[in-house]
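Chain lettering (A, B, C and D) follows the sequence in which the chains are written, and residue indices restart at 1 in each chain.
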Amino acid sequence: MLNKDQIAQRIAKEVQNGQYINLGIGIPTLVANYIPDNLEVVLQSENGLLGIGPFPTEDKIDPDLINAGKQTITMAKGSVLFNSAESFAMIRGGHVHLTILGAMEVSETGDIANWKIPGKMVKGMGGAMDLVASAENIIVAMQHCSRDGKSKLLQKCSLPITGIRCVKKIVTDIAVLDILPEGGFKLIERAPGVSVEEIKEKTAGKLVVEGEIPEMKFD
Amino acid sequence: MINKTVADAKVAVADVFSDSVLMLGGFGLSGIPENCIQALLEKDLSGLTCISNNAGVDDFGIGLMLKKKMVKKMISSYVGENAEFERQLLSGELEVELIPQGTLAERVRAGGAGIPAFFTPAGVGTEVADGKEIREFEGKLYLLERWLKADFAFVKAWKGDTAGNLIFKGTARNFNPMMAAAGRITIAEVEELVPAGELDPNAIHTPGIYVQRIFQGKDYEKRIEQRTVSKR
Amino acid sequence: MLNKDQIAQRIAKEVQNGQYINLGIGIPTLVANYIPDNLEVVLQSENGLLGIGPFPTEDKIDPDLINAGKQTITMAKGSVLFNSAESFAMIRGGHVHLTILGAMEVSETGDIANWKIPGKMVKGMGGAMDLVASAENIIVAMQHCSRDGKSKLLQKCSLPITGIRCVKKIVTDIAVLDILPEGGFKLIERAPGVSVEEIKEKTAGKLVVEGEIPEMKFD
Amino acid sequence: MINKTVADAKVAVADVFSDSVLMLGGFGLSGIPENCIQALLEKDLSGLTCISNNAGVDDFGIGLMLKKKMVKKMISSYVGENAEFERQLLSGELEVELIPQGTLAERVRAGGAGIPAFFTPAGVGTEVADGKEIREFEGKLYLLERWLKADFAFVKAWKGDTAGNLIFKGTARNFNPMMAAAGRITIAEVEELVPAGELDPNAIHTPGIYVQRIFQGKDYEKRIEQRTVSKR
């Protein structure tokens, strides 16, 4: 089973040179730590920055420079600032190549639920609905099952939906899976030591297994 | 050039009335109109509708207006951690309309730009689409969304001139420029107010035409929500 | 009968302190010369400038600084530059207080025709349709009659329309007229030496004359 | 930061193909992509659709492309004085779609911003409204207008960096920023190309995300259409 950093590390392998990328809060934020130095990519913060740098040292903290998770940040070389309308124009217009975000549930047709649990205090969808409705390529980082052992990869989401037919790939603590255009979770890789059988058991939606499923490799 | 300077926040907000619709710039606590919020707190107001991406925290920003029960309705994309907010929402004292962040930004932009409605993909297939017109363009589904306008818009800029031209700093820009354009009366507070002609005309973010009043604010706290540092 | 400069001079009297104003090509451009120095107004050029200054001296000419008529200009103190979408956002959003433009025909309900003559080469409407559809206050500068003596103030425009029910006031070479909300050209002032009779003769649309009509005064 | 520099205009336009849809920045002859137009003239192209506020003059700008009969259709707001344009239009060789200038700007902006359609008041009651959906909002009539996008967008900036960030000068900005965002492939030519990191991030007009290729142009003529001077 992968820990959060390993999920992030595995997702980082999907990053390609020259991409503009939006990283959601949580595990997705960790992906930045594993993007190889030889790749030139630009991280977008939807509150108005292209070119997120590392967190600041104590003396460089600026309250006027935060990311979408409200954390203090720095700007990378060549970065650019803009307003929220321009930021979502970029997102909606399909200019961001890759969006990585967390989820509570994903359906076998690529629907995602990640903003609301009925009966609990609703905090709002923030930019998630815009991101999932707009991005060409969405990778979800999530735990395969909830704490009480229920699969979060379902035939149909049970929670209120954030967006429909949008997720392309999922990296969980036990597997990497693609969403097939015709529907279904296609198993691509297993976490080290995890069997196909276990993944089958833990996937409530339609799982497609073809041929030998390799174990993930970490450098 | 037209001089829009007023003495201070108190003068600037003098005619804000109960039950009016307000827009307040900022993302989290970054770029919020601290001085105007303080001045509004000192007025006897109620029934306000506040359009702002967030709702402040318990003891800062719009959170203080909630605590004083000035706000009837919040229109936001994310209302975050705010115990008093939660209490009022659950008790039914406060009405909340949650809007996808990009849709919020675009609806406010549309309000300033005279676009009464536009189509956006955000929210298709979700409860956000309930009751809204859905239409297909080039094989993809979109929702029809309406403009947002306000009686008063409060924005916070880094520098401004007496003609109302504004320059923001860092990510404190966020919703401020669109809200400046969408307010019937727009009040700008700035960290540094300079005479018209001193800002580079090519580097101004908000043209003064959108701003009706401007003043130099003071005592900015600029509270940080998530102080995150790296060691090196 | 007023010449073009006098029409501009008369229109300038309508300008109020603190206004943002868009001046069309032709007579409207001349209005700038007659705005009293004690009024603080800002002239918009819809190609991306608020704060048009005087024409440049020879040594100050900048090909990157032109007005909507493609003339070289300068920038006034406190001016600001922006793109065309922002410029028309200002116009469409009702932020420009006063629009002054020329016309070929105006109808008694405030319709305006000023962009196209059937059978002649069509050059395009430029920003005229946006301006007339958006502005709260539109003043038209025009000749009362065409060269062959036909009235240009009509019951209904004969030429293709630029915008409907938008003109508020007209200043011609012989009269100042308001468009009444219920329809009709209400005569406000006569040009020096021009009789009400003559204005009646030259106005094809419904002319409303109430009480004594004063002569225009020029300082 | 991603390096988008290409050697020159010739390399930048190498894959432009016949029958493609182009956007070209500029207002009149101000802010037009002179180098790219020259490079396009040297290619064997035909059937192009050109979206540009104006159509150049007989011997400069898009006028030269018209003369070479590369253009099938112009989408503009004002086509001005151009004898060859007029001849081709009257003979039926050239198709022209005239659009109100603000609608053109907003349709291009919508193309870049992923807004497939929006309502605008411009053109209500005129022939521009023919065949378009009309709807009333708050007592006023509006037309539904669609986005515009292009296979290639050509923009001209004053300064740019290797990451594609652009700063324009004066009123030469005009349609360039929206077109940069609305092109599938956007090619920026700049008067001065600097390494990424040298432009003020807070003063950039076009974020580099919209630009796929950038090069430093040369020999800018910057022709003036209406040279107007004052004596003092």
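Simple rule for what comes next: a contact is a pair of C-beta atoms (placed from the backbone, for glycine too) under 8 Å apart; a residue touches a chain by one contact, two chains touch by 3 or more.
Since we're looking at a predicted model, the values are computed, not measured.
Undergrad: Within the chain touch network, how many edges lie on the shortest path between subunit A and subunit C?
TA: Shortest path length, in steps: 2.
Undergrad: Compute the distance, rounded to whole Å, between the mean C-alpha positions of subunit A and subunit B.
TA: 29
Undergrad: Distance from the CA centroid of subunit B to that of subunit C, rounded to the nearest Å?
TA: Distance between chain centres: 36 Å.
Undergrad: Two or more other chains touching the same residue: where does that happen in subunit B?
TA: Residues 106, 109, 113-115, 120-121, 168-170, 202 of subunit B each touch two or more of the other chains.
Undergrad: Could you say which residues in subunit A touch two or more other chains, in rising order?
TA: 81-82, 88-89, 91-92, 134
Undergrad: What are all the chain pairs that meet the touch criterion?
TA: A-B, A-D, B-C, B-D, C-D
Undergrad: Within the complex, which stretch of subunit B touches subunit C?
TA: So the residues of subunit B in touch with subunit C come to 1-3, 109, 111-115, 161-163, 165, 181, 196-197, 201-202, 204, 207-210.
Undergrad: Can you list the residues on subunit C that touch subunit D in the complex?
TA: 45-49, 54-58, 61-73, 81-85, 87-89, 91-92, 111, 121-130, 133-134, 160-165
Undergrad: Quick one: in the complex, what on subunit B touches subunit D?
TA: 106, 110, 113-121, 135, 137-138, 140, 142, 146, 167-170, 200, 202-203
Undergrad: Within the complex, which stretch of subunit B touches subunit A?
TA: On the subunit B side, the touching residues are 27-31, 53, 76-81, 86, 89-90, 98, 100-106, 108-109, 120-128, 158, 168-178, 205, 222-232.
Undergrad: Would you mind writing out the residues of subunit C in touch with subunit B in their complex?
TA: 17-18, 20, 40-42, 44, 50-51, 75-82, 86, 88-96, 134
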